[in-house]
Structures are given as structure tokens and as C-alpha cells.
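Per-chain numbering from 1; labels A, B, C and D assigned in written order.
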Amino acid sequence: MERRNFIKISALTGVAATLDACRAPDKQLIRFIPEDNLIPGIATWKPGVCTLCSAGCGLLVRVMQGDAEVVRNGQRGLMKMGLAKKLEGSPQNPVNAGKLCARGQAGLQVLYHPDRITHPIKRTGARGSGEFQEISWDDALKEVVSHLTALESSKAANSLAFLSMPLSGQRHKLIESFLKAYGAPPAVWYEPFDEAVLRQANLLSFGHAALPTFELGRADYIISFGADFLGTWNSPVAQSIGYGEMRRGRPGRRGKFVQVESRMSQTGANADEWIACKPGTEGILALGIAHVILSEKLAPQGAETRAGSQIAGWSAGLPEFTPEAVEKQTGVSAAVITRLAHEITQSGSSAAIVGGAPLAQTNGHFNALAVNALESLVDTGRDQNGNLRPILGFTPEPPLSAAEEPAAPAQASFARLNSFAQSALRGQAGAPQMLMLNEANPIFSAPPATRIGEAIARIPYIVSFGGFIDETSVQADLILPDHAPLESWLDSIPESGSLRSMVSLAPPAVSPLHNTRPMPDVLLGLAQQLGGDVAKALPWTSFEAMLKAALVPLRSHGGSVTAKTDDDFWQSMQTQGGWWSAPAAAGSKSAPATLSSATAAKHAPVALTAPEFAGAAGDFPFCFQPYVSQSFGDGSLAHLPWMQELPDVLTTAMWSSWVEINPKTGERLGIQQGDLVEITSQAGSLRVPAVLSPGIAPDLLAMPVGQGHENFGRFATGRGANPLSILAPVAERETGALAWAATRVKLTRVGGPEQAKLVLFAGGMSGFPHEEEPR
Amino acid sequence: MGWQKWLLLMVCAVACTWAMVKAVPTSHAGQTDLSAHVTSGVFTTAHPTAAQAVRDFLDFHPEHPVQPIAYTHAVHLANGLQCEFCHVGVDQGPEAQIPGVAVCMTCHIAIDTDKPEIKKIAAYQARGEDIPWVRVYNYSDSAHVRFNHAAHIRAGVGCSTCHGDMTKQTTAERKVDLNMGFCVNCHKQKQVSVDCETCHF
Amino acid sequence: MSHRWGLVVDLDRCTGCEACVVACHAENNVPTAGADQAARGRTMQWIRVERTWEGDFPNPKVRFQPVLCQQCDNAPCEPVCPTYASYHTPEGLNAQVYNRCIGTRFCANACPYTVRSFNFFNPKWEMPLNLQLNPDVSVRSVGIMEKCTFCVQRIKSAEIQAEAEKRELKDGEFTTACAQSCASTALVFGDLNDPNSEVSRLASSNRSTKLLGELGTKPNVTYLERGTWQDAKNS
Amino acid sequence: MQRTAEQIEKDLLRPIFTSSAKYWIAVSIATCLLLAGVCAFGYQLYTGIGVWGINSPVFWAFDITNFVFWIGISHAGTLISAILRLCNATWRRPVTRCAEAITVFSILIGAAVPLCHVGRPWLAYWMIPYPSQRGIWPNFRSPLAWDFFAIFTYLSGSTIFLYLPTIPDFAAIRDASRGLRNKIYRVLALGWQGTPRQWQRLEIAMHIMAIAIVPVAVSVHTIVSWDFSMTLVPMWHSTIFGPYFVIGAIFSGIAALILAMALLRHFLHLEEYLTPLHFNNLGKLLLTLSLLWFYFTFAERLTTWYGNSPPEMDVFWESIRQHFAPLFWIMVVCNFVIPMPLLAIKRFRTITGTAIASCTVVIGMWIERFLIIVPALDHKFLAFSWGAYRPTWVEDTLMASSFGMMALLYLLFT
């Protein structure tokens, strides 16, 4: 009898054990009353604005009802709410016309990222230790206000610094006017790859301190000098749309596309003809082509263009740029130069584009002006009526009452950052006492030689608005997490991509998941609490009110939105995702005048300038060229798993960083695919796997930017290396922009694939053992 | 006579398995419920417990789960309410809304406010909470079924075909065993597609 | 009229931007494998952009080619599946019925294009990343083979919509996620049975080829070969 | 000298009633291996088949290799004993029993492997055609479905084939034993009395089975080969796979048989019953098959090389020159270079000689299966998606345990 009981019991326990092994802690969450009444299973499409790069594409956000874990008045719970499920391009939007790039679509993961800061936090540990504790919004704001008032009362209002990624539209205006009213110096807008050089050059050449808009769809011949216009440069989606048209959009007409660069980019890979030229000599090549055109009188239109007048010896036909002379400097054969000149002028409408590495040389300004001059010479396409209608145009400013951009281009962000760092390091009167930080990450993306990290560490009090902990925001004393873009009011004024003047606008697509608050509202709130001039300058109670006040005046300018009343206008502008003017007709602001007008230049013509590099060619035999990553942009998207697992289209590498080496170079130095190599410059050194690529010059090393984060969420931290960390702080001569392609390095093999751990998509399994992931 | 001992052991084991599988309250509630699949902040398709897996494999569902509010379909339908009044969207799209506090209170702000169950609902609303209904009808995720209510209603399939006669039910009961055979038979009778990808994708 | 869904890939337009890859991940709940699994060759991509180098510096040539399930009319993956998890639908799709799949992986071996992805583990989404999951598409679990479905959920909802409005489907009324995101319009999706559809027009171009056509798999995906500047006139 | 029936009986039944320490050690080792395998499988079941080294594009590797290998081994018994029986080779008698046992057991293992290898083993029963509310049947166009039927038929067939001739022996044990054991053997003996009529019936039954089992055996491995040759995969898509696999199967089968016999002979001291004659004859068989195997391998490679279609040549060079070259040449050595002299030269065709030869052949044949599967998969048509394969401990364990299982079953059988 006892035995049987024993058996029963043992059986019971055994079965129980096997069955309820690995039981998960079942969480008992309360349910909140839904804030929106959506119909389950039916998708609603809401407008949005993509903020992941400066192009400012319009979005359609697919919103469906789902159960989300949210925080409402301090309590966690489940709520049926509209959830963004997919990002598509907005079909009406003139820039991206219903299309969206890979990075843009990954914006979804910014919203749902597991490492988002979900509530205000206050530093508890040492600076940069990453030890924070939760703090209520009220206390947090009180703290900020007290610091601000303290500064004011101690007559040190000018020692408030604001460091932010470049913003467009009303956010920009809000911050600037906040600082102005408070009495602080203007904000430090920082991005590692800014276009100051190009804007400066365009101002001189064409009278527009802005990025160009190319109507590639109409082009028969495109010659691009280093511009990755299909991948990362300027407005990639708009340009890709045009490129498709140029290729196969017009039956019987297929444009030719020539790419001039020293490392084959994704764009270059699509070129009909890819021309390798020595780094920094692109401008010389451009003038070489111009020389042939001028001397052989190939151009229908006179050479007396405004852009041309920026180049010394232009009117004389650029005597010193004979193909032979140019061949010596650029390494491109004279025959090719002559042929290009003929091809360009023979085809209907041609365009010359410059961007990327050529502008990031010490002579970037010269390169830009040179290519602009060539552009103005060859871009002589005509429309059906035979009127001159160039491919190049400029997006007119939207007719907003306030906040016109200054005609002169803003100072190069690198220069701004430098002076900011210097003043902080000098630490005398006027040195920043308090820093407001918004999504800029200079500690990661500025060359260490700028000592920006040190400078920021010197600042007594730092408030950060960013939604993520990164290398810079981890230094903050207080973090007031911003909403994710899809949770906030968005507006943007695209600088290029369409020839219509535009303002993109979108209300929040989803209600907030976490206990965060939008940065603009926080600033406005602070303004109210500070009172005085600040409150007067920013009278609005919410960012929405501010947007409305700023944008409703557009109603009088016609354009895409027509409405009886201001409120109707405001509503339909939201539903449409913005306002844009009627299509620009030929002869309007963007039309040929800018190209051909021979108005005298304010600026002395530039003569041939050769690039200079940091580091002697003897000790550092290779030019080092970081490039904007197709997946990570300037590195600010490295925390998104979709982007990490997106194979780089040329090397098929993912979840890692790499350096591209010409196979011959590899052979010479005994470096195999996937080996670990060390790259050393004057400024420092890093270790990274090698990828042998036929698309790069033997004397050049190229490396994508974006990996090598030390503190940027679970997916990016401790992965790969950061090429910006070994850049010498070289500046472009004219504009002071960061010459990120002007560093020389040396290369040595330090290990095999086992150490390098390069993950390639092509070829399946990598040839090295991997530690098992706990699952 | 040792073999009897072993037989007994076997019987016990089987019985226990069965008991466990039946006993453990199901937290399995369709694709959108987080608690179904959450293990330590990671959403995965793995079953949280072995019991869950067995239950899923044997396709067990609780016939009559206990609901937070002792709602009676019978009474409401008798009073002339239509299904889609509360279950919004059932005739427009794939899913049917499970009504929240707001829907109840549209009427019960005035009607039967003194009844205990109504008081409960009012209390929920006062706390800013919604009623944590337990889902009754659903396909297990491993069925990979995509069902569209609206299309079936348009085809003239009555609610009761799949949900039983609600006029005789208090809180919803799983009257009909919605296995694949059930669907396929109906599709065959009505001569509509029985292609797998009509429902499975 | 029954449909025959097809896709045209214009290699002359494709820029290798991989927007289609991310679009597919977002639309179809395709999980990310993570670095370790990726290194083991277990990334899941229903559409991938293949890149081939020809020639050396200074004249390297690169060719981008998006490769997805070719939805063959004569599919090698179908007859080998012992449970009918992989079979041919009346609309000419190679369906993959997840709940019927027992994971023999025979179809993936038989597929000459290697476009089938297998769930070696239960997929994971670090919360709240799971909120991005598309409710119209099942989330596949361990041991299941999956692949491009031509966004069948979009096809179905469009068909149901058209049925509700008692009308025929219009060309371009809906498209696949990859085609929708493709900025240079390299991907065009549509009904090959409709002679006036954009996709039929393109598929009949003189540049059109099939991937591994010599195997006789009769793909419903057509590739338009890259042209050159010279031959532009006669395209 | 003549041995009396009693003595023979005593000798042969000895192991059944008395078991040596060695025996138990062997059993325990085998059991451990088996258990290890079970644990490994449990782990795989719990975490997912990703704990294997398989990946995209190499979706099959050790699993199917083992499957083909064991099904191959299974051709030892039935075929041999059946053929030998049909052509009345008198020396065969002692051999048959071992052979048939090997057959049954290795089929069991071979059948178990595919069940473990699927992604969702708990649904493997969908391979069985049975009426369900779903109204779906297996896909009868799929070679895997054919496999299922072929193997099932072969299993049941060879079980009967093994069982029939054992009936008299069961009877013998029944009469010699008591207690529970007696009960069991009474059931198994089907009331055998040894009357002439029973003997005659048995003989007829055996003949029918012998004739029936040969085509089945041949078909089984032909069908297994169709798993590969029915696809488009380069180097799989081959017409000679049918006979190639059958030959390979018999080849490895006989090798396994010789090994088993050698071991039995050594451990159970059956020197008088398993004489050098048996090994000599089986050795000759093995020799023939080794030659045949070489011919087929050569022919297969030759046709590929001559056909010279690019995708096939990729695999071709991959397997004989590049990544898999070492394995390939080991295989050739094991299956041909070593066995040849050992078996061809009469002086070497001793028990040890044949045993060694069989040993290498068994190894070689396992490698052959591996080389058929993996190189083809990781060099499929599109070079972009080429891959590589490395087994994990789980796969190693499972393979080891399959051998463990074989050993265990065989030990328990003796």
C-alpha cells in the first residue's frame, strides 16, 4: 500500500516538474481606457515627416490598434492604442513621391526601441558612469529652471550653451529665439558631415546658399564627382526617383551616368563609367573637362557664367588645365578627359554634381567651385518649348513671415564646435556654465583632437533632451527624454529635393508609449516659468500652437492646400502632411538665370589648389576616407537592429565594421579577406577587419562611419570601430568645415579572422567560431 | 506480480499529465495579448510553459472562462441590442472590438446604475481602467490563421454559426469547436475557396 | 478572370539601396537573426540584393540583382514537400503554409535560388520592438520554413475590398512592400494575366530574362537586363 | 569431430542464460551513448534545431548522412541472407541470423533519424496518411513520402524475415527456460512443436519472404537515392544514383556484417560456428562490391566532368580539390585503396584482414554519404549564397548515439 502511494507521489512530482519547468512570470497588468477609438484590424494612414536625415521626406504611417504596455500617470498597464506598423513614403509629397529609403523605414524601430529612455532621469554616479535614477517631471523641470534663473541672476546668461543636431523649421526657430531671448549665444548646430562647403560654393556660383536640387529625370548625361546621390548624399530618395526616370523612364532615351571618385560608392557602382581619380583632385579634373569644352568651343552657350567667373583664368579658357597637365595631377588619362568633354556636350541635357569626399578635402571649396563652373557650362538642357531649362535648380524658401534663413550660409558646424570646445576649455568668463544637449553626439562623431569630450566634461551642468543614452548624453546630469518623432508634432522645410517651396508638417501619429515629453513643449514650458523676455518671445502654450501661428499665414500663398478659414487650412495641412507651392514654371526663381547670369562675383576667383593631407606620405602611405554608411548615416542609426542586419550592398558585411582595401595592397601586405588590421594615423589608431574590394584605389583605405559606439544601446555598443576617432582635426581652408577625407594612415595586419570576427552576408557561414548566444 | 506496479505508474503519469494540462489556467489570448508570450522582456513565439505547449498541441481551450464582469449576452440581446453595437468593426474588417468601459457606460450611465456589476464597471471607469475581459474565441498562434469577420458576414454567415446562440448565454462560452474541419466543411458546402492560402498566411 | 501575380525587376533602374529589404522585414514580420546567428549564415531575408564584381581596379564593374522567391510555375520546392506545406495556389503563387510545415527543409535544398529562410530558433523581439509586428501576417515559430509570399496579405485584403465593392481589382491598386518602397521603380508588381498591366508590358520587353531560366522552373519574376549608353536608342 | 545437438544447443544458448562482465560493460557504454543522444535530442527539441550546425544553404548535413548510412547498413542482412538462401549457398546459415538482426536494428535507427531531424518533430506524424478533420493527406509526389512507405515496408518485411526462422529457436529457449522468460518465449514461439509439417511450412514461408524481400530491399535504397536525384541540385541531379546507392548500401552492409560477426566470434567464442570460410566468402563479396563501388564513383564523377556544366563543376572541384578534398581522398582510400589488397590477396583475406577492411569501408561509406550531401548544398547555383558547414556537439552526439543504439540493440539481441 505505502509503496503504491510512494509511486503515485513520485509520478505526480515528476510530471509536474517536467510540465511546469521554464514557467514565465505571468505579469498582471491593469488595462487603461483607450485614448483613441480605432476599429481593430483596420489600418488608418497618418501623415508623418521623416527626421532621420536632412532630406525631410514625407511619410505615411500605417496605424493599427494593438495592445501596448504604456505608462500613464506613473502606472504601468496595457492599453488598446493605435500603433505604427509601417512607414511608407507619402505619395503627394513632392520630395519623395510615395517612396522611402531603408533608413527612413527603420524609423519605426526608433519608436519601439527597447533602449529608449522611458522617463526623466537624474545622474547619481560619476559623470559618464551611466548611473541614473528616475525623477519626476516636475522636480526635473524645477531643477532646470533653478539653474537657468541662477545663471540669469548672476548675469551669466551668455554662459548657457545649446548643442544640437541641425534642425529645420520651427524647432530651429524655437531654440534660436529661446536662446536669444534668454541672452545666450546662438546654438551650436553640429553634424560631422555638414554641407557648409557646398552651400558656400553654391552661394558664390549660383547665388543660393543651399543644397542643389537636380531634376535627374530629365538628364541625358550625369557626371558626378564623389556625390553618393543614390545612397546618402543630399536627398537620396528624390534623386533615386530621378535616376530611375533618367535610366528607363523615357522610351528610347537612356541617360549616361559617369561617376568620378577614388572609392567606389553604392552610387558609383551603378555608373556606366566609373573613373578613379586621385583624392582631392576632382576639381582639377572638372576644370580639365571645362578646358576642352572651352578651347574646342563645344558649349553652345557662352562661357561667361557667374559660376565660371569664380575660377581664375576661366575667361581665358583655363590655359593651365590642359588635359595633359590634368592627367599628371589626377591620374585620369587625357584621352578620357577629352572624350568626356565631347560626350557631355553632345548629349541633350547634362549635369555635373559634386558632393562627399571631394568637399571634405582641404581644397574642398575649390573642388566645389570648379565642378559648379563645369555644371554651369554643360547644364544647357532645354524643355519642349526650347526654353533653357537646366537640370540644376534650387528650392525656394517657403514664404514664412518669420525665421528666414540668413542669406550667408551658416558657419561650418566643425568650426562652431571647435570654438565652443575652445571656450569651454579656456574656462574664463563667458565659458559655458550650463549645456543643453539635443541629439547631437560630438563625443562620438568629432575627431578626438577637438577635445570636445574634455570640454563637455568641464561644463558644470548638462541637460540632455535626447531619447537615447549615447556617448555624449551619458555625460548629462539630467535627461529629459524627448518623444520619438512619430509621437511628436513634426515640421520640416526640405532644403532640396523638389523645386517647390515646401513645409512638411505632421501631427503625432501615435500617442506616447513612455513617460516622455516633447523637447519643444519642454522649452516652451521653461520659457513660461522663466517669465520676462523669454516668456514674451515664446508666448505659446504648446508647440502645436506655435506651429499653427507660424504656418497658417501660408494660406494666402495658394499652393497645395486651399481652405476657407485658417482652421480649415490648418486641418487640411495636417491631413495632407504639409504645404507646398504650385510646380515651379520655367523662368521662375529656380530657373536658368542663376546659372548664366554674369553678375560680378563678390569673391576673388580661386586658382588651382591642390589637396593637403595630415601626415607625411612616407610614414603614412595611405589616404584614409571614412564614408557615410548606407545603413547608419553618420552613426546616429547604429542602434537599430534592422540597420545592423542590413548587409552593406557592396561588401555584404553586417553587424560589424570593416576597412576596404584594394586586393593588390592586401597581397603586398599579406592581408587576406577578414583579417584583423590596425590603422594608425597621427591622431590615433583602431583595429578592424579587412575587406578586399576591387572598387578602391591601391593607395586608399575607406571605412564606413557608424559602428564603434561605446555606449549606444544593446545593438550597437562595443561593435566595430569608429573611423572618425582617428581623424586629424584638419579643416577645409575657406570654410573651416571638417576635412574628413584629408587624413593619411598606415596599415598593418595584426590578426586573423578569429580575432576580426567579420560577418559577411554573401558566402553564408563565416570562417570563424562564434560564442553561443544564450537563448 | 511486478508488472501491475508499472501499469499503475503509467496510469498515474497519464492522469497527472491530463490533470496538469487541464488545470493550468490558460493565458493564451491571440496575437495581440502580450502576457501570452512575454518572457523577461523578450517577445518570442516559444510557449511560456511546457503545459502551454502541450495544451496548444492538443488544442485545448477553456470552454467558459470566468469574466471580470458577470455580463449576460442573453439580457442585452433580448433588449434588442445588435452584436455590432458593442463588437464594433465586425462588419467592416477582420476583427471585432471587445467593448471597453466607455461602451458599457454609454447606456449604464443611466440604466441600472445601482446593480453591483454596473457599480463594478463604474468603479473601473472611475479608476481610469478598462475591463480586463478574458478572450474566449481565438485561434492558437501556431494555427497561423488569418480570419476576416466582415467577409463572412457579407457572405451571410450568421454570428451564431461560429459563436453559438448568444441569446442563451450569459458571458460568452466556447460553444463551437473551431477546428479546421469546421471551417473547411462550411467552405465546401458554400463552394468557396478551400485553398490553404485563403486563411493561412 | 483569375490572376497570375508577377514581378518585374529592372536591373537598369536598381540602385542597390536595399530599401526593399527593410520594407520586407517591416511588412512580413521577418525577424533579425542577431550577430551570432548571422555569422552562422542564418540571416533571414525574403528579398536580398546580390552583388557581383567583375574586373579589377581601375575598371571594376558591379552588378546589383535583387533576388526573391521567383514564384516558379514549375517550382522545385513544391513536389518535394511531404506535407503540402509548400504548394501551388490557383493564382500561381508558391504558397508556404506555415502551420502545415514540419521543417524537413527539403524545399530549401531543392530551391535553386536559395531564397527560403528557416526558423532555426523561435524568433525574438526585445520588447517593445514586438509592437512593430504586422497583425496581418503570422509570426512564424521555430522549425518553420518561410519565404517571400508576394505580400499575400496585401493581395487578400485588396481582393476582399474589391469583392465588398463588387468590382474587379485594378492594376496598381496595391503592390508589394518591396515595390512600394523602391524609389527608382526597379520593382514593378502586378497581374500577368492582365495584358494591359504595367507588369505585363515590362515583362514583354526585349531585355527580359529569367534567373536560372535554363533550369525550366518557369519563374514569375522577370529581370530586365542592364543596358548600355550605346544601345539605349533600341530599348 | 561431430558435435551433439545438446552441445550445439548449449553453446549457442550460453549467452542467453549467462552473461559475462565484459558484456555488461559493453552494454553500459552503449547505453550511455544512447542516453547522451537522448539528452542532446531533448536539448534540440527544447531550444530549436538551430543547435545544429546546419544553416542556409546547408540545410541537411549529419542528419541525412546518418539516415542514408544506416539505411545502407540495413542492406547487410536481408539482401544477403535472402540472396544466399535463394541460391542455396550452404555456408550462409550461421551468417544469416547476425545479418538479419543488423538489418532490423539499423532500419529502426535509420527510420528514427529523419524523425529527429525535422524542425518540428512533434508533427512528424503528418507523414502518415490518416484521415483527419483537416482532410489533408501527405504529398505522394514527395520522395520523403516514398521514403516513409519504403522504409516502413522494408522494416516490417525484414522483421518477419528475421522472425520466421527464429521460431524454432524460441521454442528451444522456451523449453529450456522457466518463469517470466518462459512466458515470453512461449508467446514468441507460436506453439512450435517442430513437426515436419511445421518445418515444411516454415521453409515455404521463408522462400516466399526471401523472394519478396529482395526487390523491396533494392527499391528502398533506390528511393532513398531519389531524395537527391529528384531535385535540381548540382551533383544530386544524377541518373545513376539509384544503383549507385544500392551498391553502396550493400557494400557498407556487408562490411558491417563482417564486423559484427568478427566481434561475436571473438566475444562469444563461436569459433566453431563462424569459421574463416565465412569470412573468406564474405570477403570475396566485399571485394566485388568495392570494385563496383569504385566503378560507380568513377562513372559519376566522369560523367559530371564530361558534361562540364558550370554549376556542377563548382561542386565537383569543391569536393575533390578544394574544401572537401581531404575527406574525398580519405574516402577513396578507405573504400578502395585499403580494402583492395586486403581482400584481393588470398593471404590477407583472413578474419583480421576482412575485419580491418570492413572497418575502413564502414567509415569510408559514411564519408561518402556526407560528401554526396554537403558539398552540393553549399555550392548551389547562385555563388552569392554559397555557404559552409561545421557540425556542433549536438550533431556529433546524435551520431555517436546512433552507433550506441546499434551496439546496444545488438548486445541485447545476442
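One rule holds for everything that comes next: a residue touches a chain if its C-beta (ideal position, glycine included) is under 8 Å from a C-beta of that chain, and two chains touch if they have at least 3 such contacts.
Keep in mind that this is a model prediction, so the values were computed, not measured.
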| item | value |
| --- | --- |
| By mean Cα position, the chain sitting nearest the middle | C |
| Gap in Å, rounded to a whole number, between the CA centres of subunit C and subunit A | 30 |
| Centroid spacing, where centroids are CA-atom means, of subunit C and subunit D in whole angstrom | 42 |
| Whole-Å gap separating subunit B and subunit D, where each centre is the average of the chain's CA atoms | 50 |
| Length of the line joining the C-alpha centres of subunit A and subunit D, rounded to whole Å | 63 |
| For subunit D, residues contacting two or more additional chains | 47-48, 50, 55-58, 384-385, 387-388 |
| Per-residue multi-chain contacts in subunit C, two or more chains | 37, 40-41, 43, 48, 50-51, 84, 87, 100, 121-122, 124, 126-127, 129-130, 133, 135, 142 |
| Shared-contact residues (touching 2 or more other chains) in subunit B | 32, 34, 38, 41, 94 |
| Chain contact topology (line, ring, star, complete or other) | complete |
| Subunit D residues touching subunit C - in the complex, by the definition given at the top | 47-50, 53-60, 114, 117-120, 123-124, 126-127, 136, 138-139, 141-145, 148, 227, 230-233, 377, 380-385, 387-388 |
| Subunit B residues within the subunit C interface of the complex | 31-32, 34, 38, 41-46, 94, 141-146, 148, 150-151, 154, 193, 195-198, 200-201 |
| Sites on subunit C touched by subunit B in the complex | 84, 87, 89-90, 93, 95, 97-100, 122-127, 129-130, 133, 135-142, 149, 152-153, 156, 160, 163-164 |
| In the complex, subunit A residues that touch subunit D | 762-765, 767, 775 |
| Footprint of subunit C on subunit A - complex, ascending | 41, 64, 66, 68-69, 83-89, 96, 98-102, 104-106, 108-109, 112-114, 230-231, 236-237, 240-241, 243-244, 247-249, 251-256, 264, 266-267, 269-270, 272, 274-276, 513, 630, 641-642, 644-647, 649-650, 652, 654-656, 662-664, 693-698, 714, 719, 757, 759, 761-762, 764-766, 768, 770-773, 775 |
